[in-house]
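What follows is a set of structures to go through.
Each of the next two complexes has subunit A plus one other chain: subunit B in the first, subunit C in the second.
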Partner chain A sequence: MRSVLFWSLVAAILVYMTLPAVVVVATSVNPTELMAFPPTGFSLRWYEKALTYPDFQTAFRSSLIVMALASTLATLLGSTFAFLIFHYNFRGRGLLEAALWSPLIIPHFTTGFGFLLLGSHLNLTQGYAVIVMAHLLLVTPFVTRAVFVSLSNVDANYSRAAANLGATPSGVLFKVTLPLVLPGMLGGWLIAAILSLTEFTASLYVTASRTQTLPVAMYNYIREYADPTISAISALLILSTTIIMILANHFLGLRRILGIDNG
Partner chain B sequence: MMMTQQRPFFVPFLVPAVLVAVIFAAAMFNVFQYSFLEFIPGSVEVGGFTLDNFTRINRPVYYWVLLDTFLLSFATAFFALVLSYPISFALVRAEKNWVRSVLVVLAITPLFTGEIVRTYSWMLVLGTDGVVNNTLKALSLIDASIPIMYTRAGVVIALVQFAMPVMIILLATAISQVKRDCEKAAANLGATPNTVFWRVTIPLTMPGILSGFVVVFAWTMSAFSTPQLIGGGKVLMISNVVYLQGFSSFNLPFAAVLSLIALGAALGSLGLMKLATARFERNLATA
Partner chain C sequence: MIHQKMAALQSDDSAVEIKHVSRVFGAVQAVSDVSLSIRNGEFITLLGPSGCGKTTLLNMVAGFINPSSGAIHIGGRDVTDVPVHLRDTGMVFQSYALFPHMNVFDNVAFGLRQRKFSKAEISAKVMQAIEMMSLSGMEQRRISQLSGGQQQRVALARAIVIQPKVLLLDEPLSALDKSLRAQMQVELIELHRNTGLTTIFVTHDQGEALSLSDRIVVMSKGQIQQVTEPIDLYRNPANGFVASFIGEINALPSASCSVTSQEVALDIGDVRLVAPRRAEWQVASGRPVKAFVRPEHIRIAGPADAGRNVVTGEVLTHIYQGSHTITRLHVDGLGQIEMRLPGGDVVGRIPVGLKTDIAFDLAEVVLLPDTAA
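For the complex of A and B:
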């Protein structure tokens, strides 16, 4: 009896958490312009409109450019930084760590606003440089964290053994450490890419109309129109994220990545 | 040479980190600098040094915005905690592996769909012709749509769901560290399952509860798109006023002051959490 009550409660809370996503997917296939749930028919017209709408096409291109640059740079920066703070103590390390972890705490609009001001000083407001820089700072902590955890799980004896057997420091790094932390780097890169693709608040400050990313274009559309085109894009994003999460759970183990064991 | 032999890759790994940190510091310094510059109405250019931007905050309308931001964040953290605990508990303790997998995917995915998608979804659920209103009408419980959009309640309903994935992760980590032996010992000594839960499990997961509450609180203080779209200008949080000041009035100096206040509030609440957690752990150690 107790457990029936408990699982009903869990189910009810899960309905609250997933209802919005279900509604979006359902409304995206509705043939009429008015929101209807459950849908009154089946049509892909909003998908066609979403995929052919020029603003979304250019915005998607911008998003891919920013995502590719920011997540790749973040993987390089986050991995080397994790290696640095894992192995070395040096003067100013605390300050450096504070600077590179702080984007987790600083409100995204403060970060975005700062880069807007910096960009206008440097005359960079029309290009991708400032957007990539802002995204790089926002997503790097997630890579650093993932790689740092991987480094902590690597047995230091492997590196020592390789060094004893005559491997150079580069040999140890590229042939021993790197392959062992590669899953962490890949996980970090994946998280960085998804977070960059969906980042909105800071992007709103640092993008110009020519460089706006997909979430910014979606926001501008929502403010002007009320048809289900956004439902179609949202449904595509929700479905692809869910598939990625199921795959990540299967191959990498979400609970292990998140540090949740079974008590 | 000796240096590089002892510390391979130290310099090449240090340089990019320092470079990026300096660029970020420059961006933050710009915000700090602008907060002391004079606003010239009708222009994005700024004047000389002034403290006027800080005295401008001393108006009732801004006190209300700060109070609203605080109360909405507090309510969000509270409801997110209450709703997340059962999910985290089930996520850790479910016996079947597939149940745990389904729970973790359902609980974590919303974190990665992005704030625009999530906020838009809630607009469809809470709107005048949204799912909630239409369902209530179909059941003849109400005659006319009740307003949920553009109210504080609507904003909190969306913000709580927004915050739950993070809360669930933090609580589940805490629950997974509880030693089952403690619970079994209490049960063996005659405690009812209720007593075990409230007197053993909850106190042992208190560090997770505290950090989850404060992280969500600080996070919600800087929420932007949910109050912007669900609040629709009728519910204003500090982020919305920063945006209004920056992009409608072009008062960049005052927007800078408000950004600094938001930053201070976020840092302050995390500092409080450290204090509270340290005190709690000390009490636990001496108890």
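For the complex of A and C:
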């Protein structure tokens, strides 16, 4: 009796979590212009439309540019922060840690709006700079955490052994610590990429029509049209992020990045 | 041969000098005014229970921890303020700490590469060390592919290949199973003989210390209790702690003694034991003493004993160990006594519950002034 209840609950949770994606992908193969669920047939025409729609093509390019810049810069910045917090117990440390986690508690639209104001003061509203800056702020905490966890898992004795064998402190860093933390940094970079690729709220404020990222373009599309093209492009986006997720899991283990396992 | 050569190359007679070293962690005195002079080529063991300060002391020699006070000299040079990477010591960690992202060759070569030897020299030295540690053929293997014993050898190879002024071993055998441990102990002795490296070995296993060391430093609560050769340590422990820590021993209750030129008579309640007097004993008539008797110096009494140093005990239990049996008896006035006899015959000769006479052979008895009385 309890077993049935248990499995019903598990099934209900699974359904609830996956239903939106399932519905979207299902409607994307519908042969007609209606958003029918379940679909009345099978057709890939909407995928063809999505892939050839100029706004989506431009937006995807923008997303990639922002993603590449934001995730790479976030990895450099976040790794540096992680090393600082891990190794040094300096006086402003608590404050720095709080500042690093703050993007998690500040709503994305506040961040976006803030950068919009900043951008208009600096006359940067039409370029990629503000978008990258906003994304950088939002994704760096995740990279910092991933690298920090990775550092915590490196046996302290490795660096001691290296020093004992004659390696200078910088030698220890480059020959022993960094190679061992590299998987963690790579995983952090991939997580940053996913977060940037799918970021919508802040991007809405800081993108211009020329620089809009894919999620923003999708939003604009659905305000005017209601055909399965949007489902198709959504499915493609889900596919992209899934691939990145699989890669991130391979290098770091998602459980650790997301803080479920504590090291 | 190599041993003498290496010893001759050292310019100073003492390889390591530890001078009044102390270390405090907050409120805890981990190491308390320790002074020690370690000779060139010596294999010295720091022995004691956990928390005694032996690992802290080792880490101070390596440079991972700085002394709160005192100085450390290696090879005649004051290294107290010298950073770890410039001290020229080689350490084997308890967990081996082999670099997981490198193969065996690169692990062993690491120290040499920091010292800027040529590629050819490095290759030659590494292969020599690998062969010395019976690891030939495994140079390309990754660390995760090695067994515990093999990892330990790589850790040793990595430390000895740089020919350090001191080799530091932090409980390197504790992760190995019993038979592998025994085997590695023999190999360590041979390794030391072949390389002649001054070695500081840390362990809590007194049996290990007795078999490997030229000298043993017994530590407790941050202080040195005794420093001497293994045989001397076993026969002449300096105090009650060392007596109980090394090997098995029966600590008899406090006794009052009467001393003559030849003998010392100990009175513990109704029991009288008479031991031949040893010159080094600090005893005087009337002063209370504590006697310690090793289980192997107690046997079943026979007619030849004629009641001398014979007591009656009730057999409580036999602990059969194959090559010998430990028999526990209760002796009125002395408490629980453990007796060690070869084989297993004793189990049938004096079954549990029997009251029997046992005799003490007091030629090797340990006699210490009773400081508590």
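Quick notes
The rule is simple: the second predicted complex is superposed on the first by the 237 of 263 C-alpha atoms of A that agree within 3 Å, B and C clash if a C-alpha of one lies under 4 Å from a C-alpha of the other, contacts with A are read in each partner's own complex, and residues count from 1 in each chain.
Just so we're on the same page, a contact is a pair of C-beta atoms (placed from the backbone, for glycine too) under 8 Å apart; a residue touches a chain by one contact, two chains touch by 3 or more.
A quick note: this is a predicted structure, and the numbers were derived from the prediction, not measured.
Touch criterion met: A:Asn157 reaches subunit C, while subunit B stays clear of it. With both structures placed on the common chain, the touch criterion links A:Gly94 to neither subunit B nor subunit C.
Applying the stated contact rule after C-alpha superposition, one finds that A:Gly171 touches subunit C and leaves subunit B untouched.
Looking at the superposition, the partner that touches the larger set of subunit A residues, subunit B or subunit C, turns out to be B. With both structures placed on the common chain, the touch criterion links A:Leu180 to subunit C but leaves subunit B unconnected. Within the superposed three-chain model, A:Ile194 lies in touch with subunit B and out of touch with subunit C [touch as defined at top].
In the superposed model, A:Val24 lies in contact with subunit B only, and not with subunit C.
By the touch criterion defined above, A:Gly41 lies against neither subunit B nor subunit C after alignment on the C-alpha atoms of chain A.
Touch criterion met: A:Pro215 reaches subunit B, while subunit C stays clear of it. In the superposition on chain A, A:Trp7 makes contact with subunit B only, while subunit C stays out of contact range. Counting contacts as defined above, subunit A residues 169 meet subunit B in one complex and subunit C in the other. Those residues of subunit A whose C-beta lies close enough to touch subunit B in the complex are 2, 6-7, 9-10, 13-14, 16-21, 23-24, 27, 34-35, 37, 76-77, 80-81, 83-84, 88, 90, 96, 99-100, 102-103, 105-111, 113-118, 121, 133-134, 136-137, 140, 169-170, 173, 194-195, 197-201, 204-205, 215, 218-219, 222, 230-231, 234, 237-238, 241-242, 244-246, 249, 254-255, 258-263. Of all residues in subunit C, only 62-64, 83-87, 89-91, 93, 95, 97-101, 110-111, 114-115, 158-159, 162 touch subunit A in the complex they form. Those residues of subunit A lying in contact with subunit C across their complex are 155, 157-158, 160-169, 171, 175-176, 179-180. Subunit B contributes residues 7-10, 12-14, 16-18, 20-21, 23-28, 30-31, 34, 83, 86-87, 90-93, 100-101, 103-110, 112-118, 120-125, 127, 129-131, 134, 161, 164, 169, 172-173, 175-180, 193, 218, 221-222, 224-225, 229, 239, 242-243, 246, 252, 255-256, 259-260, 262-263, 266-267, 270 to its touches with subunit A in the complex.
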